[in-house]
Amino acid sequence: MSAQSLLPWMLMVPLSWATLMVLLAQQRDAITRVVNVVGALVLVGLSVALYAGVAQEGLAVHALGGWSAPLGIALRADGLAATLVVLTAVVSSACGLYAMTSERAARTNGKSAPRYFWPLFWLLITALNGIWLAGDLFNLYVGLELLGLSAVGLVALGGSEASLSSALRYLMAALLGSLAYLLGVALMYAAYGTLALPELAELITREPMTQLAIALMTVGLCLKTALFPLHGWLPPAHGVALTPVSAMLSALVVKGSFYILFRLWFEVAPDVVTPLAAQGLGILGAGAVLWGGWQALRESSLKMLVAHSTVAQLGYLFIFFPLAVGTGATAAALATQGMLLHVVAHALAKSAMFLASGTLIASVGRGGVADLAGVGRHMPMSLFAFGLAGVSLMGLPPSGGFNAKWLLLQSALASGQWFWLLVLLGGGLLTAGYVFRVFRESFLESPDDAGQFTKTPRAYDLFALTLAAMSVALGLASRAPLRFMTNGLAVMAGVQ
Amino acid sequence: MKRRYRHLSAGAVSVALGAALWHVVRVRPTPSVSVASLVADALPASGVSHNVTAVLLNFRSYDTLLEVAVLLAAAVVALALRDEPSARSPAHVMYVALDAFVWRLAPLLVLVAAYLLWAGSTRPGGAFQAGSVLAGAAVLLRLSGLKVTAVDHRLASRGAMTFGLVMFLCVAIGTLLAGQALLEYPAKWAGALILLIEAALTISIGVVLYSLFDNAPQARVSDRESERQRER
Amino acid sequence: MNTFATGSGWWLPLAVLGSSLVPALVIMLLSEQRQRTRTALNLSAALIKLSLVAYMTWSVARGNSYELRFGMLPGVDFVLRADAMAMLFAGLSAVLWLFTTIYAIGYLEGSPNRSRFFGFFSLCVASTMGIALAGNLVTFLVFYELLTLSTYPLVVHRGTPKALKAGRTYLRYTIGGGAVLLTGVALLSMIAGDVSFADTGALVNLIAQDSALLRVAFWLLIAGLGVKAALVPLHGWLPVAMVAPAPVSALLHAVAVVKAGAFGIVRVVYNVYGVETAQLLGLLFPLAVLASTTIVWGSMRALFQTEIKKRLAYSTVSQVSYIALGIALFGPWGTIGGLAHLLHQGLMKITLFFCAGNYAETLGIHDIDELDGAGRRMPATSVAFTIGAFGMIGVPPLAGFVSKWYLGLGALEAGMPWVLGVLVLSSLLNAAYFLPIVHRLWFRPQAGPWPDERSFGKHETSRWLLMPAVATAVFTVGAGVLANLPYSPLRWAMLVSVRVYTQ
Amino acid sequence: MSADRLYAYVGAVLVALALYAFLVHTHVLRRLLAFNVMGGGTFLILVGLAQDGRGPDPVPQALVLTGIVVAVSATALAIILLRRWFATSQTTSLPEDGSS
């Protein structure tokens, strides 16, 4: 099965599973569990096969419907897309298994698990794979919508009043963002007559309609990636949702719109975007790092703390723009490698942290950070998983987060922009502030903690630990994956 | 944000956007690529004679596939947030004229839907328009108090909702298994396959759009109010 | 550069690291009751590590070296290399870790959270080994930060609000220092690419165009390392961290954390910059001044402390700067003095901490004025304490004297006679704050009942606690008297110094 | 000034007006209506600009069809969430916007 023939299966499998799950919604727990596990295994297997295929054959392109690009839509998979597909498969499988375990645990002690979780779960994965592999501007729009709606649905499944209001706020932001993006697509089609990304990359010139289109798309995608000051919708949505849902939202969903922004700025229209605009995004990113960190420091609920940390960590991704636009080839290459490694390392670490936090909250019974006193003795492994994930988020070695911060630092130094160096370091210290704040609470030995911790399934720790360990292991060997991820990217042309 | 401040900033942003769009629209773009001509050339091989339907269900059929998934996502969330049967009140609106006409009108509407579906291959029409007409008919029947089976958690209703997507997937996976590219219909079967998909989609879209109307939570203020009073 | 591990005998450094990483994870998973398995695992890990390090030291002395290298980052390799300098610190750590493990097993008898403690304890030794064996600056940084992460849970092990507050200060210093060190390493890597410890002096040809950046990078590195090496303005965390249990404070002050900082400074001056380049850039003199002020400042503050562990903490602040002073004295004698003191101070200080722990554990003594007449009650511990104290003062023929002697020679050779004055002054100050304690131990009658006495039958204290203290005291005497034996600390320091200066 | 160009101008005005309404109103249903009007304006621009001086082009019309279906499902989802939210909290605006 060549990579080119594997591409459509990356979409057909999750979409078929989503349909299957709608039909199986009423069946007994055992059947849905088996089907889901099989689905996860097939998804991971196929994505690894795609990764290997792209590694051998390079760029894989699949013309859908047999129609070549400007007429039909093409699925494209380069190193970056293949890596993100594997990342999606791994993180969503871990979150899915976590959700399955919590469903079984909820059923055993009488509570009812939210119905119709699984169709939305598989639709979310379809949308993500659709976005990573898309080669067409309008197809990205439909992918973004599917991503937005299934994510909002998953947040709303929480059932509480707070989850409804945050789902509604999330939907409002998502809709506005998609419309801004669609307006940009409309202008691009009017100006160039085609929607296929490779064709657009060749045709594009710097003229008012294109600049307005790129600006609109950037605003829309920044709103969907919750860049500071447009981040208001993210903390409540990620903080209130079910644990596996918030893990997938923070790790993958916000990265989808960022991935499109990266493709737009660096693959399609590198010479339309101005260094000034990039500095603007960088300053907003710096604002996100500082504001998100500050909010996380003062947050009293654990999951909201982790959600604010997402806002802060996304700020790092936007600091990449001033380091890569209008700077030398080496600085741009280092910044790109740093940013892409941060996308992967953050996805692994943040999902591990959310799963670990969910386990701690389930065991303590209350969601506050202050309520964690003495949990260190009863739930050592979840705390250890939280710690490992914290190490990667803080950018302390050995971890993927550290390597990403290292590359961004090198790029800041190579391009002589000292300001971003200070922001990166300051962000790391802020992150250390709120991660160790959680540790300080949980190491505290409260005398009266005589067994008021409820028993939680041991499997929870396994999933959180695996993801956290992968993020740390990435720290030891990130040269090969990075080389694979970045070859063929336009921004790396100068260095390869 | 104080109200006045909010108005001013919103006004500024909208005026800026409007002005930018206006400025950009004034100049007539001259793109070098014309996909319209490509569509015209490839139309004979698409299995339908109407170019929009050809684009929708052959050249860019992948978009349509994802779009049906979007519809299904909304329907699934509607099902998940559906009121328990006990809390559902029969939305019965007493319009004498409506009652008199509706049971004569319904078969006509179904006929119109069938026509729209059939016309899709040669003239503007197709699955979405036909599905909407069907859903409209169902809503009219529901409003006039006639007993329309609810789209609830039963397998039958969930089956009907996903029927269109299932057929679409079967065709798509079929093309893959036959060694073709995804959704690459064999030349001589293209027309038939498109019609098959369209028919299945019509039913599913009708059911989904009706379920989006029917499953919306009833906002009966009465007992909700008392419940919130006790809560405070 | 292929990414697979390369270099001769690459598995040996990995085995040394693995001998503490693997037990760390296994112990973490052990349930609290499995006390015997945990002790067996700890001791066997320490013994395996000791034998591996001994073998490597023996073969490194014969000239061959071991290296593990693979691609960690674009443009940066993960390198573990066993050269003479590495075995110096690795040897010290392996030996003292064995004793600290034994001591910790005895000390934590019956207290909660021991699996967590020993898990992070082994993680800590793994990072110390990593620091010793690191082959380039980035690998050193990786293990340097891992040390911070693995020591924090040990400092806050007791879980009391006081311990957590100390932990917070500890973190503020070490994480801040880490960020400064990271900036220095990043800056240096930008200028000179992947900075390896093997090809020292590579920076000399860079002096021409960016000597200013080299200076900035040097002081960033020294500031980052100075936090853990407790140089004056950055030593605040050390006394505060005394709230931790005794084996942890012994570990922090004699073996791991403080030495890591000092060893880092050694690596930066000798292997990163090379002594000649540092001299050319005029970096050694300010370093000597900084070290001297720390020595005097530490001793002064130690005078006024009333608690035993606080006094020992400030004594460490001053003693570690001897090492920095030795390095800053340009010339082989200064190097020998500095490196020898790195080993000797480890032996002496750990003896003192073991004894302080024994007093606290068996008699409940925490303050100096409660020590009256303890010599009679706990003779063996008090003899060990006295040996340690005399060693610190520099009384011949103990280890302390040897290193101070060579430091003196180095000062003369480097043309900085005022350093001799500093050495003499600090020795007097050492005497001023150690002799009163020794006097109380032996010549003062016991004044009333011991604060919280625990009897151990006919032994003065539990064997687990006594044996390490006595052993390290014997080592201190040995390092002094038998200084000329082939594998003594002094000879090894000479070997390293020869290799540094002939490269 | 061909008819298509007129659609584009009208679309631009609609988008601006709808954006103003979307940002100003706190009642979620009003914001939804604004969203639909803005969608309409965008579709007008999409078809108007693409066909300005080049005759009817099926691709933008197909895109508009897809866009409409997506807009319908998004609006339906928003209404369902709003009614469920109203049922539990008796307010028609989001918490931070305050009741108006």
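First chain written, first letter: the chains are A, B, C and D, and each begins at residue 1.
One rule holds in what follows: a contact is a pair of C-beta atoms (placed from the backbone, for glycine too) under 8 Å apart; a residue touches a chain by one contact, two chains touch by 3 or more.
Nothing here was measured: the structure is a model prediction, and the numbers come from that model.
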Which chains are in contact with both chain C and chain D? A
Find the chain most remote from chain C, comparing centres computed as mean CA coordinates. B
Could you please state the distance in Å, as a whole number, between where the Cα atoms of chain B are centred and where those of chain C are centred? 71
Please work out the Cα centroid separation of chain B and chain D, and write it as a whole number of Å. 16
Euclidean distance of C-alpha centroids - chain A vs chain B, Å: 29
Separation of chain A from chain C, taking each centre as the mean of its C-alpha atoms, in whole Å: 42
If I count partner chains per residue in chain D, which residues reach a count of at least 2? 15, 45, 49, 52, 59, 63, 66, 70, 73-74, 77, 81, 84, 88
Flagged in chain B as touching 2+ other chains are 21, 29, 34-35, 39, 60, 63, 67, 70, 73-74, 77, 81
Would you mind listing the residues of chain C that make contact with two or more other chains? none
Tell me, which pairs of chains are in touch? A-B, A-C, A-D, B-D
Listed in rising order, the residues of chain B that touch chain A in the complex are 20-21, 23-24, 27, 29, 31-35, 38-39, 42, 58-63, 65-67, 69-70, 72-74, 76-77, 79-81, 153, 155, 158-159, 161-162, 165-166, 169, 172-173, 176, 180-185
List of chain B residues in touch with chain D within their complex: 6-7, 9-11, 13-15, 17-18, 21-22, 25, 28-29, 34-36, 39, 51-52, 54-56, 60, 63-64, 67, 70-71, 73-75, 77-78, 81, 128, 209, 212-213, 215-221, 224-225, 228
Name, in rising order, each residue of chain C that touches chain A in their complex. 3, 28-29, 70-74, 76, 78, 112-113, 115-116, 138, 141-143, 145-146, 148-149, 152-153, 156, 158-161, 164, 167-168, 171, 175-176, 178-179, 182-183, 186-187, 189-190
Footprint of chain C on chain A - complex, ascending: 334, 337, 374, 376-377, 380-381, 384, 387, 391, 396-398, 402-403, 405-407, 409-410, 413-414, 421, 425, 428-429, 432, 436, 439-440, 443-445, 475-480, 482-483
Across the complex, what residues on chain D touch chain B? 5, 8-9, 11-13, 15-17, 19-20, 23-24, 45, 48-49, 52-59, 61-63, 65-66, 68-70, 72-74, 76-77, 79-81, 83-84, 86-88, 90
